[in-house]
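Have a look at this one before I ask anything.
Note that the chains take the letters A, B and C in the order they are written out, and that residue 1 is the start of every chain.
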Amino acid sequence: MNRLRSLDPTVVVYLALVAALAIGALLVSTVGRNFFSAGNVRDILTGMSVLGLVAIGQTLVVLCSSLDLSVPVVISLSSLLAATTMAGDPARIVPAVLLTLAVAAAIGLFNGLVVTKLRVNGFIATLGTGLIVKGYLDTQYKGTAGTVPWEFQLLGATGLGPVPVSTILMLALAALVWFVLARTRVGHQMFAVGGDPVVARLSGLHVARPVIVAHVVCSLTAAGAGLLLASRLGVGSPTVGSQGGYDLLSIAAVVLGGTLLLGGRGSVWGTIGGVAIFAVLDNVMSVMQVNPFLKDIVRGVVIVAAVAVYTRRTLHAHRPRFGAGGPTVDGPLPGPADGAPATGQLPPAEEVAR
Amino acid sequence: MRRSPREVALDLVSPQRAVFLLLVVLLVAIVVVNPSFAEPGQLMRFLQRVAPVAIVAMGQYFVIVSGEFDLSMGSLVTAQVVGAGVLVGQDGSRTVPVLALMLAFGVLVGLVNGLATTFLRVPSFIVTLGMMLALLGAVMFWTGGAATGNPADEFRQIGRGGWREVPVLDFVPYAVVILVGLLVLALWYTHRPAGKLHVAVGDNVATAHHAGVRVWWVKTRAFVISSLSATVAGVLLVGYAGVHPSVGRGYEFTAITAVVLGGVVLGGGRGWIVGALAGAVVLEALFVLLNYAGVPSTVRSSVQGVIIIAAVAYSALDFRRRRSGPATTSPAGGDAAPAPGRGGDTSTTSPAHSGA
Amino acid sequence: MTTAPVLTARGLTKSFFGVRVLDEVSIEVRPGEVHGLVGENGAGKSTLMKILAGVYQPDDGEIHLAGEQVAFAHPIDAMHAGVATVFQEFNLLPDRTVAQNVFLGREPRRRGVVDVREMARRTQHVLDELGVTSVRPRDRVGSLSVAQQQVVEIAKALSHDAKVISMDEPTAALAAHEVELLYRIVRSLAERGVGVLYVSHRLKEVFDLCDTITVLKDGRLVSSGPADELGPDELVRRMVGRSIESYFPGPLEGTERGTELLRVTGGGNAWVDGIDLSLHAGEITAVAGLQGSGRTELAEAIFGIRPFTRGSVEVGGRRVRVTSPRHAARLGIALITEDRKATGLSLAQSILDNVLLVIRGVFPRRTAHVRREADALMARLELSTDRLDREVQLLSGGNQQKVVLGKWLATRPRVVILDEPTRGIDVGAKVAVYDVIRSLAREGVAICMISSELPELLGIADRVLVMRDGRLVADLAPSATEEEVLRHAAGAEVGA
């Protein structure tokens, strides 16, 4: 347990992923299938790409101790904008993509401004934005619309060997976001603002800027997911985002990947690991022909259990002066009494206690 | 305590009370657009439709004011609705035992949410998200994804029936009686010692713990209350909306929205349950108004989104004003506050967990 | 030592709520000098430091830095100007590395990209200059010890090219062997020509390190001069010499030392050890000790927040294991915690809700009864507000503290532990708190009071226990002098 404590959270996520792979391979082999066959690997990677895209953006938002619940409608809107603008014409792919990204960026900017300038809690702000966009979607589109040209459909359909292009794009984006977090000032500021806004302010940072950037990027990655879905479906759909439940699932993947829901700690690669765990679980259950509805139960249990393990790991001990004479050196307030802080940027009083 | 009209007026526009002003404005507007709305029978039918959402909002109030979230309410409503449909079937005599079973299941869900949040220290956002997925999956697995027909009429009467031809009021739906009964019960509870502890825990967990409050039990109680309220809403919805796996979808967000509209602060420690109730009625009234005004149903969610953001931004504005008041930033009394610059604007962000 | 001062402050004055906490104080810090700033609690040291750090703006007076007049509107202004402050509560992000913390907000860049190597190199350079080998640029701050985190704070200050670094009680949270490291760092800072303003209660440190000592008392400057012209006894006399006796008229008539209500034998846990303590009805037992000596942890052990894991506890003659605050409250123990905003109050709730908190949580059946008596209770505490439905965060510090007291008095406790009950409150409220403590003693309550203010402790207590490094090291009569207490608290070698 002590060794586990000192490990980097991302390493723990990948250990969990390896365990999931091993157990998955074992289970799959009992029904006489090969888990690591090219086809199956492609299935898993394909399953990762859409949620992965959304979760990459969500990671930034959660790091800044905000949330983005508007991703499903951004995904749907993006798929529609792309498909209707392209209207089956390969020449219009580029303008359609640019338009989609521009609209998504505007939505993200709106989210970021509402959160930072109007000081509306991220949960409510993005819920509201989601409703606003949903109204537009419901009014404007009665069902699937537009057509995606065959060239654009290739994006979702081709691959290099067993690795789909969409997954490569997703991983490239993850690398880019990793670079932003590790090597740009705004990335560093995201950790600071999410970790401790007071320290951030005292260090002379503009607290609003990283939060706005995170929201914009999150909307952009959601738009990317929407584009990908449009390319797979061949059309735009006003419900493709909400049906996938991408808002909550992406948050779950982020937290599963070791990012603190309160912000300030986390990594993109952890998130990718979390997404991979979901994809492996899904895949194993599909191959085993588990009832699709049971999958949700397993997902729910896995999320809670995984986060419970992380929380156990990361309790900071109040530095003892004397050797422990008993069992109660684990945390400042032993027992469950101090509860767990809720979410997002809600002030957790117990954090201040010591 | 006598108060000047000015004070009363200020109170009305304060974010805690603004929801009531908004409600009055909406109701007046509805009556202007459609005078028949003011007839008792119409009003009662309106309240009947509000009842499930309002009850869910009242349950969510206890969770939020205790500093937590319950995202599992919507799927619990669905689970209860579908469960009732399957279990009651066409046998009206099963109504009472099934009701008892549903309540017991509600308690169980609340206990699991509460205990996982407090003992496993998993953020309630995640716990109840997991519960939401698991419940939905379980319901669909159990029913095979298809809703089974409507249950016996005895059961459905709870949600759709009522006393007819009542003097003055014309029609008194059972749902409204249940809503009023629960409101009275909730008001009574919030004035009891045990009820007051929810707000105290939501305001400052550490203080409550140091005062000997069993924080885990207070929070768990809140989750049990919210699950029970989702159960009651489910019972009403079986009658009102019928049995379908989509019934209850999105209720958790509607409830949280209603609670926040009602001036309750996410993160806990502030808010009045009647505000949460009023928030739910405002959301419904808004729909009715947009409906009467001929606004296409599809635009309504946009209007709702704008109103939510505006209302919460308004209350954030007010908090800033309060926080920058003279006494609260008292440095003389604030020696213990970590580091400088804690003043003004900590309302949307978590405070320092400084070194050491 | 005739170089021109790098920092000069003249006539600094600051009032809070009409109370003058800093009165025309002037101070000069020269480059390469370690300048000790001493004084009792409430003498104005913190306020002075915070003004120099840009946290507060002075009502009057001016600050010159290297000859130029400056005004700091924000802490970052002070930092940029070259005045860095290491507060007791660190401004660090525990989840980030040392280098990331040191360069937060001004990361070195090359072609727009943060140059991680350069950042690590420059951090290492600063650490090398400080002679620190135990901290590496890539270490996560949260994994470091308190002493090492302090090093990071100092490195941050140095990397700003600070001309003056002020440190607030830098050794308060350090273990004995870690103090040496700090000494080395402070000396090397001075050698580099930085002016160090060193605030400390520990006289040994002040004499070990400082070239110049400035003494503050009651917000005024008492003296400022070379350290070698002062002896420890003279220094203590200058810090203390004030007549506070008038606040402490002695025990109330009819107060008797009664039976033993609480007894700890050989108590210990990870933070305190070898605790033998006996609290009697009607007796006021004071616990003195420096910050970080384990006083608060002792109170928390008795109260079940961090329970004893060794030894035994008897309450009212019965052997018990107090495992939670709830348990303690049931046994008739009350704890007025040190940090009232963090652990004493529900700030957004009304006075009444705060007063009823323990009753509602632990003794719900008594709620109606206590509620009826709430007015009388607040009158006894001289709480000067007409409305019990006022939000507590709108009250002054003194009134807030009375609310905390009221919360516990409502439970009619038999043993009351008070941890720094008069911190940050005005004199009038202090006197009210003393009165309440005395009247509780007369009613047969056993009192244990922890305080950093020695005159207060000696004025009110029937006996004074002194804590050091987690242990009770002395049991003194109230006739003991402040010097004696300090000697025990700071270690025997001081003042000898």
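The rule is short, and it goes like this: a residue touches a chain if its C-beta (ideal position, glycine included) is under 8 Å from a C-beta of that chain, and two chains touch if they have at least 3 such contacts.
This is a predicted model, so every value here is computed, not measured.
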Arrangement of touching chains [line / ring / star / complete / other]: complete
Pair of chains joined by the greatest number of C-beta pairs in contact: A-B
Whole-Å gap separating subunit A and subunit C, where each centre is the average of the chain's CA atoms: 43
Gap in Å, rounded to a whole number, between the CA centres of subunit B and subunit A: 27
Contacts with 2+ other chains: residues of subunit C: 74-75, 91-92, 94, 146, 305, 324, 339, 342-343
Two or more partner chains touched - positions in subunit B: 203-204, 206-207, 209, 214, 338-341, 352-354, 356
Shared-contact residues (touching 2 or more other chains) in subunit A: 196, 198-199, 202, 333, 335, 337, 349, 352-353
Subunit A - residues contacting subunit B, complex: 65, 69, 114-115, 118-121, 123-125, 127-136, 138-139, 196-199, 201-202, 207, 248, 251-252, 255, 261-263, 291, 293-301, 303-304, 307-308, 311-312, 315, 333, 335-354
Touching residues on subunit C, where the partner in the complex is subunit A: 74-76, 79, 91-96, 100, 104-107, 109, 112-114, 116, 142-143, 145-146, 175, 268-273, 294, 305-307, 309-310, 324, 339, 342-343, 469-470
Touch list for subunit C against partner subunit B, complex: 16-17, 19, 21, 46, 50, 53-56, 74-75, 87, 89-92, 94, 141, 146, 149, 173, 303, 305, 324-330, 335, 337-349, 353, 356-362, 364, 367, 387, 393-398, 400, 407, 423-426
Of subunit B, residues touching subunit C in the complex: 1, 192-194, 196-197, 199-200, 203-204, 206-214, 269-270, 325, 327-328, 330-341, 352-356
Subunit C-touching residues of subunit A, taken from the complex the two chains share: 6, 182-185, 187-189, 191-192, 195-196, 198-200, 202-205, 260, 264-265, 316, 318-329, 332-335, 337, 349, 352-353
